[in-house]
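First, the structure itself, so that you have it in front of you.
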Amino acid sequence: MTANDVHYNKPAARFKLTRVGVSGVRKPIRVRRPGKEVVLTATIDLFVDLPATQKGSHMSRNVEVLEEAIDSASARDIGSLEEYAAGLAKSLLKRHEYATFSEAHIGADYFLDKAAPSGRKTTEVYRLTATARGRREGGRLVVKKTVGVEVTGMTTCPCAMEGVRELMRKRAPRAAKAMADVPMVTHNQRNVTTVRMEVPEGSDVEADDLIEMAEGALSSPTREILKRGDEAALVHAAHENPKFVEDVVRGILERIVERYKNLPDDAEVVVRSVSQESIHKHDAVAERATTLGELRK
Amino acid sequence: MTANDVHYNKPAARFKLTRVGVSGVRKPIRVRRPGKEVVLTATIDLFVDLPATQKGSHMSRNVEVLEEAIDSASARDIGSLEEYAAGLAKSLLKRHEYATFSEAHIGADYFLDKAAPSGRKTTEVYRLTATARGRREGGRLVVKKTVGVEVTGMTTCPCAMEGVRELMRKRAPRAAKAMADVPMVTHNQRNVTTVRMEVPEGSDVEADDLIEMAEGALSSPTREILKRGDEAALVHAAHENPKFVEDVVRGILERIVERYKNLPDDAEVVVRSVSQESIHKHDAVAERATTLGELRK
Amino acid sequence: MTANDVHYNKPAARFKLTRVGVSGVRKPIRVRRPGKEVVLTATIDLFVDLPATQKGSHMSRNVEVLEEAIDSASARDIGSLEEYAAGLAKSLLKRHEYATFSEAHIGADYFLDKAAPSGRKTTEVYRLTATARGRREGGRLVVKKTVGVEVTGMTTCPCAMEGVRELMRKRAPRAAKAMADVPMVTHNQRNVTTVRMEVPEGSDVEADDLIEMAEGALSSPTREILKRGDEAALVHAAHENPKFVEDVVRGILERIVERYKNLPDDAEVVVRSVSQESIHKHDAVAERATTLGELRK
Amino acid sequence: MTANDVHYNKPAARFKLTRVGVSGVRKPIRVRRPGKEVVLTATIDLFVDLPATQKGSHMSRNVEVLEEAIDSASARDIGSLEEYAAGLAKSLLKRHEYATFSEAHIGADYFLDKAAPSGRKTTEVYRLTATARGRREGGRLVVKKTVGVEVTGMTTCPCAMEGVRELMRKRAPRAAKAMADVPMVTHNQRNVTTVRMEVPEGSDVEADDLIEMAEGALSSPTREILKRGDEAALVHAAHENPKFVEDVVRGILERIVERYKNLPDDAEVVVRSVSQESIHKHDAVAERATTLGELRK
């Protein structure tokens, strides 16, 4: 027996495996975005399945596939992280001839120029994620891909606002009356909302749009630089727009249904919103994992 | 409108939600284990679903359910984390009358007395997880529960061991011959393996047994105190038992099939093994998510 | 040469080392608190220094020292984490005869029963830390110890509150007038504040007191269960007490100076407050690292 | 009183603060390295001190300073992270006229092309850190800066290797004899080593050199792609070069003393090595924090 045979040995215990691969590979990835080229510091996981008859997977092939994708000239023309992931999922199936399934996850911080209420420019950080799953269908390789965003923003609680209004009516009825149409104090907090959508071939799902939808559904987006006037304007606007995590998720679902009318019913959608409650030590969470078809009912 | 109505308002966007609740609640939990009572520092997530017709979930009820479970006299008699989780899943459905689904996750560090190769006692840390999912079935509440363990151990790579043997044959053929039956140097590393199993009513699935199976399937368990003799014995034994992550997962699956002959075919099993590769900056991963029935085929 | 000599070999490069030891050891620790006994899941680091003449430290002795401390009958009578740490620092110097310095860090989650504004009981999580540093002074072992707490609470921003008041004066002058004495909306957020104090022999510095000082200096403590009345009361009170992170640190320093009149001037104090800003993606931080003597000036 | 005055109010409690500022700001930073331009995803902390007479620090100025540094044309010519940090520390003192001290920390993942034993190219990830501390000296601003690297590599334990050799002598004396000059099996593991050095004005301290020194002092560097021949060669070489964490730290100190003969005696040096022990659940740590002068003695 040569050492080379180790991976092909029949395993003592004959079970197939759902996923075998590498996780936490870090690489710089260059992606062409509209009007610019961005360099992302990506964290990547790559998997294939393994039949019961084979002892081990050739894990070094996974990182080779990745390194080749990064070095290849054509990679320069890749316009999105999910295209990147799709290319990796295909190459994984080509290189692991025994595999029937492949999976590539990519995550990376991502920056966009945004505006404070005054219009002043600020650079904001988001997180992009992309997943692609490949399988063999007859002789063809079929890949399904998703794009995801993680957006940090702000929620103001509608329930505590009503509670404080009641309290004020008792304690300071005159002031309470004058404030009938004015937002009351409430707890607000940092919120992290994630949106993940399947990207059917030929569709126009864009990470930048998902970020905009998420920021629009929060009580307010947050901005890294807020001079005094901006700070007051943002805080006031957020209090005129109180939102539970439930509302944030539903607001995004509504925007998705409205925006992606041409996408098929079976396109998958996952939206999750987590408020790092300022009045508690724990977080509040809402989530919907479903398909576009379900949302259209 | 009273403030009290806020949660019952019809939501602007009418979508039901898959999960609404709290995450990251930390509580001390007392569990009776065979022959002892242990106090665990638990991290808990609690969710219910939310119908399209209701604006918000009463999140404070979730933590109340938890606090009551901890304070109630009967809680003192709870013998496992998964029983705890099942109780929480039931209470969640009772308190959230609008919910059709509930979910409780609990995670906690857990300590067991184990032995070094010499028999010397050492205290080892593991992580326990428990999940329970409740739903209404007619007028009844039905709960499905799982128990999980996270075990840190050691893997030694069979592939590099063969590679080094080949290398030795070329560089030092005489020594290589004398070493034909002796384990060769290879890379070894910290490995984190998780096992999660459904616990059907009346079954005897125990976290302590899953820990033992995982430790048995690794190249070697690790121990916090190893005097010199113990250290050499453990290292040598681990090299006589080289394992890919693939082998670790399959070894556990084999033990599960053998051990739980009386469990039903639809019982869910997830086994995942992650080696923090000493020769790479990334990890190696193998996973199987399936049912006992599939494994028995 | 016997294997036993490896640690005593002269190192190729002759440099002494500041710290050599183990980190991230997890153990259950039993501590007697006033009126109760608590079991903590502790994370422990243990170090000694190493002279230039010695190749390696006997690291297994560190964990042995720890295991013995946990098992010894006398450990049952230990009343605080910092006493525990002091015992470990002493034992480390006894067991590492070549060392001139030792250090023990312990961290653990810790729970206290607290009250919501209505008086309703809730269990709250905090983090305790303890550090002890030992050294030889003549034939004696001298140990200096500190106790620390990490408290999660809430800050409301005074600056944005003033900004919103100004904005209201322009947009809704009538309402603004009626609200002259009423707290305005502002951003508020989860805040994590840490206090660390030296504990001179015979002093009465107690973690529970430090927790109370920190909660008192925040805009408001947070509570895990808040029914509607409690929620409104807590939110309103927090807005009547707006605090920058700077104010939180100074408020705690003031309480420490007032409370610990009998402590010596050279007692070390570190206070740090971090607000997880709801309007930004980054945190705001204030810190003072000093001695009681400096604070008394 | 205008809202603008809030930050200048005299604080209720009059204590100066050591650090006030922002932490966790994420920005893309462009740095010119020899022969290339790299884009780093940086995490940044910025602080100034605060006199006892001033209520709050103008935190938004910190992020403005940062945004200006990134946008300014001259920033394009910045050749290192520590230069970047030094520029920030100076700007902080200019913008916070009340401050006597400023501090900037920057951390970022960083990639270098390296070679596997066969010469095959692989891209490896490291972490860069930079710190700059500014103070006023008469009318001048004086800045002290440091550069740091975090390198993930591999250590093989000399002590267990000797232990196994002893064990073999007893169990298989003939094989043991034949193996007298051959590396024995031992535990090996992922190791994370950090080096931080002061960078005096005009010195030639370079992050890339520190990375090379750290990789040279480990049992072996690790590489993301290792085909079978490379894997065996790397594993074998690492076993011919067993290292305690103590050895790694001393090996780097030795290289630093040798390499930086022209640096002043008061230049600060911190070296720390952490092995994620494959035979334990905890880590092994060695550290030296000192000055070049002390190391030269």
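Each chain carries a letter (A, B, C and D) given by its place in the written order, and its residues are counted from 1.
Keep in mind that, in the parts below, contacts are C-beta pairs under 8 Å (C-beta built on N, C-alpha and C of every residue); 3 or more make two chains touch, one makes a residue touch a chain.
Everything quoted here is computed from the prediction, not taken from an experiment.
Undergrad: Between chain C and chain D, which partner chains are common?
TA: A, B
Undergrad: Based on mean C-alpha positions, I'd like to know which chain lies farthest from chain A.
TA: The chain lying farthest from chain A is C.
Undergrad: Of the pairs B-C and A-B, which shows more C-beta pairs in contact?
TA: Answer by contact count: A-B.
Undergrad: Could you tell me the distance, in whole angstrom, between the mean C-alpha positions of chain A and chain C?
TA: So the centre of chain A lies 35 Å away from the centre of chain C.
Undergrad: With chain centres taken as the means of their Cα atoms, state the distance from chain B to chain C in Å.
TA: Result: the chain centres lie 31 Å from each other.
Undergrad: Determine the centre-to-centre distance between chain A and chain B, using the mean Cα coordinates as centres, and give it in whole Å.
TA: For chain A versus chain B, the centre distance works out to 26 Å.
Undergrad: Can you list the chain A residues in contact with two or more other chains?
TA: Each of 3, 25-26, 63, 125, 159, 163, 166, 224, 226, 228, 231-232, 280-282 in chain A touches at least two other chains.
Undergrad: Which chain B residues qualify as touching chain C in the complex?
TA: So the residues of chain B touching chain C come out as 3-4, 25-28, 38-41, 60, 63-64, 67, 70, 108-109, 111, 122-123, 125, 224-228, 231-232.
Undergrad: Under the stated contact criterion, what part of chain A meets chain C in this complex?
TA: Residues in contact with chain C: 124-125, 152, 154, 159-160, 163-164, 166-168, 172, 174-175, 177-179, 181-190, 220, 222-224, 226, 228-229, 231-236, 238-239, 276-282.
Undergrad: Which part of chain C faces chain D closely enough to touch in the complex?
TA: Those in contact with chain D are residues 2-3, 6-7, 11-26, 45, 47, 50, 55-57, 59, 63, 158-159, 162-163, 165-166, 244-247, 249-251, 253-254, 274, 280-290, 295.
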